[in-house]
């Protein structure tokens, strides 16, 4: 089928390619002239045959909001917009209403797969009405992995991004689990082959997983990760997971600890621990490590 | 090769069968007359040709200690003992010394695989001296999965159980990650298909893993886990992981939170939260929920 | 001085009384006819001499928002509004702008003290411009405890509620610290006098504090807290603290754990732990506790 | 009364002085010749009139064990030994048995008070038999603060050190609560007076406490703690608290998080976070921060 793709960066560009490889016609727009087929959203809409389908793959927040508002003025009743970016699930409701007021359908889709998706397929989680989802199902079928899994219609508007958010929260917890295990192995003087231990776990263990495979790849390149700094960004979805947990009064100790470990990894020094050191000094006369005045 | 197997319960019995299926001769001893080939350890030792190899697969702690002490009096120089149970890694040193004093070799092996191991193979993590490990390598080769992975000589005496302990700690964190994600999905009123969401994640996602596959199996049987109580035992290795972390001054927030979630799941009521409720009542006049005097 | 007080519930009523006891004239409005001096906000504003000061002490969120919007239409340039409720610090900015557009000053004040405040004084944390704060300083002086402490001009608009929010976050962590210590004492079979231990800590220890005093009061009444359920609500400010931490990328493991412990205390059963139990059953054949079908 | 004091360091020396100030006769032994009244334990025992009382105030572990073993050979039936050091509660049982076999009484005492104790008194938590405790009660009365509190007979042998351990665990949680609150205040751009906010909390708040007073003292000296490194040691009792929690299956999320924050504060770099960074790079192509090869 024919689809307009807005945003042809690392994710959108690869997805457009996978769609074309599967016989779909993709007309792409990007703010960068190098990558795009059309120079503007009006031109994109003009090039698409009604009823149109447009996939928005731009950064979450203001860029997505602005794009959807512009599209709501350009598209017609019966057209459909898919937001495949990392939008917050509460934004989806507004977008669905804005578009719905003009008879335009809306589907939110969480997309997992990273740099491997173009080859292996992208796991897709969709939210919205069944009739809207059915309209773009050929696109979903082309993007998803070829097996029985990798696509779900998870629920109403927002459910696609909500489930993707939770997926990423689980991912945070799993990554930190491997990370803590690594540190505890590395701290032992009786374990001599840490990379070999992880490698051996690829088969027969309870913890075998794609993340373990990736960690083994990383350790194959750099056996003690000596070239990599212990510094981890967070992409926003971990934060949203914790905020959703607080909103729903769901205790999420593991996922939250994983998020906080990333926050801490980016601090040169903990303000909190200055307080602990100061208090120990006050009540116990414990020496404090002084900041180097020259530093 | 020939090996004596002490302990023919769920794990030991299946392992003995897998060894026999692979052409090894296993002479088994168990305290239960129904399962055993010989009636006593002396008879077992007598039946084995020197240099003998004995695999101990009995509960950790006192049963393992008693078995090894008895074996140290029965075996001869050049024989070898493998402890494949869930012993604490600090016990291994004592066992190695006790046996080593009489010229008997010792290898500690952490075994993963659960009820699936007989068919799929057991992941093995071994600690000890290379010459001792080489002596029983045919046994390891038969027990492990058939691929390139599933066995590691992780380090010196204790390293097998230490790495298995860490494996289980990682497992605790991963399981709790899925568990928290499940609860957050279930708490949302926009997600209508929680089991379908997990099922979809089996392909193309970052979190695909054997544990996810198992969770999908469980949800296939019971879509909202309504027949299962939110009550989880711990097997001891999670506790040891946390204690090893404390001993090594390694922060392990995720794995520890996973362990504590199990502790809490087994409490009818939290003594700690009585204190919080009492304090809120004291300073804020907040109502407290009263215990039912009849309950 | 003269002040209008909107909201005469447990907090507002006691504060009005403390102000009157200190010689101030309080004209009170409440939605309940039993407690109020005037029947409406217009009547309240009419009764106050310009430049007027009005203290808003109504529930956070919509009630506070509606009250401030109504006041912005009734008050005049040079008047001042104090929000002493538990508003979110980000709401303060909107209120200050809405009122400021009409020349009306705004101060946000976090108030601590609970049911003890009328007698002991209320700790006050204020945010806003110095000239606005100075306008109502006699009121602050009357409400605060009589010593050198108990009042701070913490910063710009929102700083009063932000610091009060953090105060409550610290309070969550401290309460949970005592709670965990209590549970660990109660779990020991060598400690025979848990209430006596807490009582002894009132002097000479590092942890002596008002919260400890309150816990001793509670234990004096009910030595093992047998009449109190381990069930704790949260007032919203703990949640805001965690959300502010996530927004500012500040790791807050202790305060978050304290909040999550409250969430968990209110669950009859953990959905998450059903998953852990199901997974243990899947991979290890561990028995699961079945829900009672009749239950 | 007369008492022998073994160990005259910062704690023991101050305690001996407080006892003398209260009219007791203290005969002191220390390994350092400068501080001691007698040159050896035999000389100490000889100088004391039977039935003798000896207070051991030396480092926990081997030094305490060796001292008690030596005393068990020197003292006589009816004498009594008090261990006022920071021994692990499980050691107490062994010491009580070793001494009890020779008719010598044993009391374990946890002592809180730090550098402030000599002036303000030491909080004491005692474990053992009532008759043994009564024998040294005049000493306890002199050491404790002068008010109604500050001493408890908490339970059987070990209960003194167990309750002191839990006290320190609570202390860890409280300190970290203040520390996290500090960091969250410092991270806000609307709060302009962080030290003033803490100072104001000394009266009228729920969190007023001795630790808050100490933090205010520290901030009075150094308003942003710029001279203090965010680096905190742990004294061992926090670790024991977590290990006791694991042994008793008591969830202790707050106290454990406080301990882990100290561990993390002492790491130049987190090995765990190298793994998280490596994994993000593997699956998402996220850039990793490279270690400076020259660093």
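All chains are identified by letter, namely A, B, C and D, in their written order; residue positions are counted from 1 within each chain.
Throughout what follows, a residue touches a chain if its C-beta (ideal position, glycine included) is under 8 Å from a C-beta of that chain, and two chains touch if they have at least 3 such contacts.
If you want to know which protein each chain is, UniProt gives these names: A, B, C, D = 6-phosphogluconate dehydrogenase (Decarboxylating).
Since we're looking at a predicted model, the values are computed, not measured.
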Chains in contact with subunit C and also with subunit D, listed by label, are A, B
Write down the chain pair with more C-beta contact pairs when B-C is set against A-C. B-C
Mind checking subunit A against subunit D and telling me if their interface is mostly the same residue numbers on each side, over half, or mostly different? same
Can you give the whole-Å distance between the Cα centres of subunit A and subunit C? 36
If you average the CA atoms of subunit B and of subunit C, how many Å lie between those two points? 46
Pull out every residue in subunit D that's touching 2 or more other chains. 114, 176, 178, 180, 183, 187, 206, 210-211, 249-253, 257, 260-261, 264, 272, 283
What pattern do the touching chains form: line, ring, star, complete or other? complete
Interfacial residue positions of subunit C with respect to subunit A in the complex: 206, 234, 239, 242-243, 246-247, 249-253, 256-257, 259-261, 263-264, 266, 272, 283
The residues of subunit B that touch subunit C in their complex are 10, 114-116, 175-176, 178-180, 182-183, 186-187, 210-211, 214-215, 217-219, 222, 225-233, 253, 261-262, 264-265, 269-286, 288-291
Interfacial residue positions of subunit B with respect to subunit A in the complex: 89, 112-114, 117, 120-125, 127, 144-145, 147-159, 162-163, 166-174, 176-178, 180-181, 183-185, 187-188, 190-193, 196-197, 199-212, 241, 244-245, 248-255, 257-258, 260-261
